[in-house]
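Each of the two complexes below includes chain A, the first together with chain B, the second together with chain C.
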Partner chain A sequence: MTGGDGAASGGVDPRVLARARVRVLGVPVIDASEPVPEGTAAAGDGERVWLLPSWPDGATPALLEEYETAPMPLDRSGQARRVLAAALRCCWTRPDDAPWPGAPAAVADVLEVYGGMSRGDADLARRWATGELRRLADTGWLLLDEESGTVRPGPRVALWAEPSLASLRDLLRRLPEPPQRAEGGDE
Partner chain B sequence: MSELFEPLLRPYDERRRAELVAAYMAVEHAAEPVSEVRFAALREPALRRTVEGMLALTGRTLIRADQTRWISGFRDDVAAELARDPECVPPVRERAVLALVLIHSVAIPRAAGLLADDSWLSPYPTPVDELRRRTQLPVGELDAALRRLRTAGLVAQVKAGADDAGGFVPGPQFHRLTGAARRRLQEELILAAGPDSPLAAAIRARRRGRERDEGETA
Partner chain C sequence: MSPTSENAPGAASLDDVLVGEAVLGVYRQMFAALARDSGAVVDDPELVDVAETLLAAFADAGEDGLSREQMRYVCRRYPADVFENRLRVLKGLGAVREVFPKPNQLRYRASFTSVVGLMFVRRMMLDGGQSEMHRLLALEQLNVADPRMTAEQARGGADGLARAFRLWSVELLTLTNGTIEELREQAPKLWGTEEILIRAERLHGAILRRWPELDRTCTDLRAAIYAYGDASRRAAARLSDSAGTTRNLTLLPPETWRTFARTASREDLAAVLEGFVFDAAAPWHEPSAVVAAVEDGPRATPPRPAPPRPSVPDPGLSDDTGSDGAAVERLRAVAEQTLRGNDRVAVEDVLVEDWAASRRLLADLSSAHLHPELPYRLVWSDALDVRPGGSPTWVTPGWFERTAP
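After this line comes the complex of A and B, so read on.
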């Protein structure tokens, strides 16, 4: 109990505990002036910093596919991917840059793009997509501001490695274009 | 991107290193325990110790599911510290819903001899009606709690079949409990379901004894 090499009261190294906390909390956000725990990855937008897991040698969970190993299941994963794609179509306005931090887009535009990607009842599609936007925001793939009705790429997007982006850029180019807004480039 | 793992990985050649990284990512992100047949770094004890070391950097450890399958979970000492942090503990409504799922899907079938003693996974779904009745939560709040529990992998939905109405079972996270965590959960369920039973009294006595021992060694 009298200190030792940075040991916490329970004997757990505080650096280890800080990294464990990041996993439990998903993608926790801290003030840009706070220190990023050692051994954690981070994505910042100037004001805030989101803490992300740090993986060895640039690996991502996509590696599981090579080993034909099922990842943690995601409900309605196809729909979640399509809604994320529709959001990126609107928020990733300069495809030559990285998708993070991207730009805010109107939720209405994302729903419009999503509507153009799906067949069937348009109203129903919008309702599903609205729920999906919330779920993607809960898990750090998007940042959703329901008050202003805008959405931005989420900090997890910053974990995508540059070589993996080419196919995503191709895919997004094939999606319907977002509606043109009169007032361009508003933040 | 990170130097965190470098000291542990540096001694290995490229092939070994890739095997270690693959095993690490697999046990951390797979839905279920992975077979060591597929991952050399889980098969060979020396490499497995290094995987264990990589996991320990973030407070995690290897859990053996059966003779040849592995997954990761939080170390017991780290889990205890995290549980003391209010930010890391799910809200009371989610915990209540999860407890009901554990009682219906695991505790009751186990008491009836339908489930093995040491598993927290179950093929017996808890019907949504039962959750609605017992939690007395408004439908919107129950749905929100279930949505978050599903996203976290703590419950999984079972679609209605020919013979049953479907419902919820414990999710894939329950693969990730250490032996001690599984025991603790079992004890908590006994304390909750039968606080006046002799079994509950024995658990309380054992815990008092353990606290006394820890008090003396600290």
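After this line comes the complex of A and C, so read on.
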């Protein structure tokens, strides 16, 4: 995902600059009242809007695989995706709806679900999962609020195409249930 | 080739008055192809082509040579005045001369030296003096190894080479201090200098080994070689400095770019892509990839096939654990109940109920008979009783009896 985009320094259309900035910054967040630069997709939750890359013809970076091009290297991708699945199990409470914006869930619940999915030292699994939660939050896949200890789906899940979600919904139903305590409360 | 190698450096000594005229003759023939008239060098490359066409025709003509009309026919592509001019100059310089030096001679022949000179000129035009230098060095190397070579000849060769190197480094220095455009134009002259240096040093070593008395000449040669090396390095450095400001990657050989990529600092490398915008890299998690990751991941409980279950409710564990004691006690109880205190009882008297019950009892009695620890046995006779109304319709008479323990 490193497509070059030439942008000289002076006298450039501000919209082009805004778009370039969006692409460089990853998933920046702007106020809902601000205009969305051209050529980007937006995922908003009412107050804020996250600017996302948009691809032509509904393609996603998964297309790289068909062209036998290496995607962005990712350490322990399986673990990251399992943690993402555990977080979605907790946050995506109404699986018939779209995953975005979802509902906040306690990080402790996510760790609990992840512990139920994995084998071995539970303490170690929690620590791994915490690290993965942070990494997923850094790249816009989750929104992590460390102060209140809650997590919500990140704006990037809004890029998932609806037809591709069936198997994920199926999977989430099979995952262990989150503990039946407070809704999104911290402990 | 020998005129080329001796004359190319332009260093042949002219102090010998006697041979001077002969040497001048060779020079005139060699450069006749380049001469516009007897006093100056051509200013149009087409004039060289006329000379070459003529010489080629002479080579094909053989010993008879060519007549003036034949020469004109060969050069029919060129205007008449150009042809006349060339022929006059070539004749004047001796490149084309009469077969017999007589008046009104109609047939002409060409000079061998002029052809060789023209070959040399063409080569110089094609790839410059550098490849000629390679040839010279190789020739000198051969000459030095030649046992007939004298010290004087070696001194002459070394002097010539030293002079060539000196002039070459002067030219390079001029280039280095001149405009960068000129330097770029002449850049091919700078490539492959390492090889020339190595060859020159090898030649220098060979001369010095064979004629130690030539150490003075060799010192000059060595100094000239080093001066040339320095000059070419400086010119190359200036060129590679300025090449960084251009996008024309062919200005430098690929090796230089490769070295740059390996040794440059991060800032230098980053400067190459200034003005480009790259998307922020982020991993992409396709829903199907998430599903695959969960399903391939380690599980809390490894999946095992469930054992087969009966369709009826399970009554739980049976008391009969199959241990020997319980079976023996049961058989003893059945046997005692059958004997009713007697020592022996007829089998057909026992099997009075329906066959389903009788056969179970018969099986128990057989087991008691076969059990080695139980003091009972079944004794069968050889007869066979038919009982049409009975439950077993035939019975072999026999006795179930207690044996002595």
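What we mean here is this: the second predicted complex is superposed on the first by the 171 of 187 C-alpha atoms of A that agree within 3 Å, B and C clash if a C-alpha of one lies under 4 Å from a C-alpha of the other, contacts with A are read in each partner's own complex, and residues count from 1 in each chain.
Rule of thumb we're sticking to: a contact is a pair of C-beta atoms (placed from the backbone, for glycine too) under 8 Å apart; a residue touches a chain by one contact, two chains touch by 3 or more.
All figures in this text were calculated on a predicted structure; none of them were measured in a lab.
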- Side-by-side fit of chain B and chain C on chain A, or clash: clash
- Considering only the touch criterion stated at the top, classify A:S54 as touching first (chain B), second (chain C), both, or neither. first
- Return first, second, both or neither, reflecting whether A:R156 touches chain B, chain C, both chains, or no partner chain. second
- Task: State whether A:D31 touches chain B only (first), chain C only (second), both chains, or neither.
- Result: neither
- State whether A:G140 touches chain B only (first), chain C only (second), both chains, or neither. second
- Note on the structure: Of the two partners chain B and chain C, more of chain A gets touched by chain C
- Considering only touches as defined above, state whether A:Y67 meets chain B (first), chain C (second), both or neither. first
- Query: Which of the two partners, first being chain B and second being chain C, lies in contact with A:D96: first, second, both, or neither?
  - Reply: neither
- Task: Check whether A:R82 is in contact with chain B, with chain C, with both or with neither, and answer first, second, both or neither.
- Result: second
- Message: Applying the document's definition of touch, where does A:L168 land relative to chain B and chain C: first, second, both, or neither?
- Response: second
- Query: Does chain B (first) or chain C (second) touch A:D123, or do both, or does neither?
  - Reply: neither
- Note on the structure: Superposing both complexes on chain A puts chain C into chain B at one of 128-136, 182-190, 272-280 or 326-334, namely 272-280
- Item | Doubly contacted residues of chain A, that is, touched by chain B and again by chain C | 1, 8, 20, 23-25, 53, 60-61, 71-72, 139
- Residue numbers on chain B that touch chain A, as the complex places them: 1-5, 9, 17-18, 20-22, 24-26, 28-32, 34, 38-39, 54, 56-60, 74, 77-78, 80-82, 85, 87-88, 147-148, 150-151, 153, 156-157, 172, 218
- Query: Which residues of chain A touch chain C in the complex?
  - Reply: 1-9, 20, 23-27, 53, 60-62, 71-72, 74, 77-82, 84-85, 88, 116-120, 139-141, 156, 160, 164-165, 167-168, 170-171, 175
- Query: Okay, in this complex, where on chain A does chain B touch?
  - Reply: 1, 8, 10-12, 16-17, 19-21, 23-25, 38-39, 41, 53-61, 63-64, 66-67, 69-73, 75, 135, 138-139
- The answer for chain C against chain A in the complex is residues 273, 275-300
